[in-house]
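Just dropping this structure here.
The chains carry the letters A, B, C and D, assigned in the order they are written, with residues numbered from 1 in each.
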Amino acid sequence: MKPRPAHEWQTTTWFNTPEPLDLERLRGQVVVLHAFQMLCPGCVAHGIPQAQRVAEIFKGAPLTVVGLHTVFEHHEAMGLESLRAFLHEYRVRFPVGVDAPGQDGDPMPRTMRAYAMQGTPTTLLIDAQGRLRRQVFGVHDDLLLGAEIGTLLAEAPGRFDATGTTTASVSDPCADSSRGAV
Amino acid sequence: MKPRPAHEWQTTTWFNTPEPLDLERLRGQVVVLHAFQMLCPGCVAHGIPQAQRVAEIFKGAPLTVVGLHTVFEHHEAMGLESLRAFLHEYRVRFPVGVDAPGQDGDPMPRTMRAYAMQGTPTTLLIDAQGRLRRQVFGVHDDLLLGAEIGTLLAEAPGRFDATGTTTASVSDPCADSSRGAV
Amino acid sequence: MKPRPAHEWQTTTWFNTPEPLDLERLRGQVVVLHAFQMLCPGCVAHGIPQAQRVAEIFKGAPLTVVGLHTVFEHHEAMGLESLRAFLHEYRVRFPVGVDAPGQDGDPMPRTMRAYAMQGTPTTLLIDAQGRLRRQVFGVHDDLLLGAEIGTLLAEAPGRFDATGTTTASVSDPCADSSRGAV
Amino acid sequence: MKPRPAHEWQTTTWFNTPEPLDLERLRGQVVVLHAFQMLCPGCVAHGIPQAQRVAEIFKGAPLTVVGLHTVFEHHEAMGLESLRAFLHEYRVRFPVGVDAPGQDGDPMPRTMRAYAMQGTPTTLLIDAQGRLRRQVFGVHDDLLLGAEIGTLLAEAPGRFDATGTTTASVSDPCADSSRGAV
């Protein structure tokens, strides 16, 4: 299936960015869009921490992580003040846009409707040419998300080679002590 | 740094394969080599489960996961019968070679020595042209390993696009119930 | 140190109970009081799931789990409507009281102040005679919390013997297959 | 059901103790007996780490953790040298006895047979009077195991009160910053 241009998002407010973001301005960057609700357990336990790790790990790459607060239920419980406190407490540092309210009483906000998202969390991958390449509803596997990101970065102009990154390897290795301290 | 050809491994026995594997025969495939010891806690808790998930997730891709049992300590405790039972109990299904004993009383086996590995687990990524592209000592991050695999697959002939894979998304999403059952 | 009677809590509203709870009425029961804030990451990831498991595991015992929403920061973000949605989304079924606002502009609510809690999550254990036996700030260890509960239940009139409970044992055992299916 | 005296274990070798242990000598102590096999995934991932945490948390209590290596399959893979390396690599510090080989070709060792264990891991709780109070096959829940231990300690002479222990509380609390540094 031929990838189609990603819909521009429609937002009312932004956090963690001096000015609103739009897809046009992010051309040339791989965009990882994380659509979430602050009171959705799967977003809080899995989706947001994953998006935070993506932002951290690919800091030097032509990649931008964008959060989108797509509230489609309990609207009164997830207003701007609540979201602001949430982002502070969970130390979310990447830009987060608030999806514009649905039209004509639609409980689903506009960007969520335009992408026909099924719920939250939803992860969208948009390539450097602004085309939607992947849309996943639910918790997304780290290895697979990594591979998708690696694929899109390999295509991007200025090619980023993930195999050239520095690794944070961690915990519990069995070192060859005959080599001295590791 | 220009990637160099990967050293051929030197092994004495293989499990989970009708015949010994060698790098020549795997040309055209991305090779994820997982060097481990069956009594290394970091391998058992992290490295081997990760290698198993890689083998599962990239089943349709030109990618082969290979295990290498690189025993450099407690040799008497990790012989063939012990390894056989270990692979059975932990349901390791990918091919596993046993690294050849070190020369002249070297406690470190030959392939481990040739690659100057620091211990276990060590993950090696070899591209479709047989070149070593990555060597990581310790537990490797899933997102980063995924990105490296995605990069190498994107380069490979016949290009595999990770964004075209099927996703197993899991647990705890908040569904838009107005759409009916998900 | 001689245990002292626990302070009565002061609350404004209750969820998940037909009528307000008070300590007097819970005499004869071990009370596990979980003080939390709905936007406190440690409460959401650890404290509340632990309180839910306590409520589930000790269902047949003379023990009551009580939640207390002790908001001392971001007050505007954690009002009643937000808490109601939170309890629904996280499937919290045990009774939850809302701690009464602090006096004279005190940001810390009254029960939290009376117990000199340092923050959230805080776990209080009150014995069947209504005496405070334990107050732990931060994530509490499951084994240790279990032991404390076991101690208080063993003292209680009508003595509950935890060793007589039914166990849900789970996952990954190595069965003796010579015995037939397990 | 009236608790019955626990069967004395029958062992061939011990690790991590200057001399063999027996139940008679442990009278007055609560005994947590952890029966395992070094190549049983559920033991390695859950049972042994749990037994290690019990040993650590109840260090000051009249409680002894004892390991029992009950090999009923892959006997040739789990001999003494393998077990010795395993205990070293996994930093098991509590005493571990090796269950005596079964009689007349019985693949199941003697203590395992005497207790009619169904497999590994199996956790046995023996009270200070030497009576078997609990036998759980499979991974045992931390909260419930804690409660059972708390119950048996509360009964023991010299009564140990778990609510008097020091707590290691950890990670992610929301502190009341108006109180100054915590």
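Convention: a contact is a pair of C-beta atoms (placed from the backbone, for glycine too) under 8 Å apart; a residue touches a chain by one contact, two chains touch by 3 or more.
The shown structure was predicted, so the numbers you read here are calculated from the model rather than taken from an experiment.
Asker: Farthest from subunit A in C-alpha centre terms, which chain would that be?
Answerer: Comparing chain centres, D lies farthest from subunit A.
Asker: Quick one: how far do you have to rotate subunit C to sit on subunit D, C-alpha fit, nearest 5 degrees?
Answerer: An angle of 180 degrees brings one copy onto the other.
Asker: Pick from A-B, B-D or C-D: which pair repeats the contacts of A-C, with over half of them the same residue pairs?
Answerer: Matching more than half of the contact pairs of A-C: B-D.
Asker: If you average the CA atoms of subunit A and of subunit B, how many Å lie between those two points?
Answerer: Between these chains, centre-to-centre, one finds 28 Å.
Asker: Can you compute the centre-to-centre distance for subunit B and subunit C, using the mean CA position of each chain? Integer Å is fine.
Answerer: 45
Asker: Please set out, as single numbers or ranges, the residues of subunit C touching at least two other chains.
Answerer: 40-41, 45, 89, 174
Asker: Is the chain-to-chain touch network here best called a line, a ring, a star, complete, or other?
Answerer: ring
Asker: Please give all chain pairs that are in touch with each other.
Answerer: A-B, A-C, B-D, C-D
Asker: Show me the residue ranges of subunit D that touch subunit B in the complex, using the header's touch definition.
Answerer: For this pair, the touching residues of subunit D are 39-41, 44-45, 74, 76-78, 81-82, 84-86, 88-90.
Asker: What residues on subunit C touch subunit D, complex-wise?
Answerer: 37, 40-43, 45-46, 50, 53-54, 57-58, 72-73, 107-108, 117-121, 125, 133-134, 136-155, 161-163, 165, 167-176, 178-179, 182
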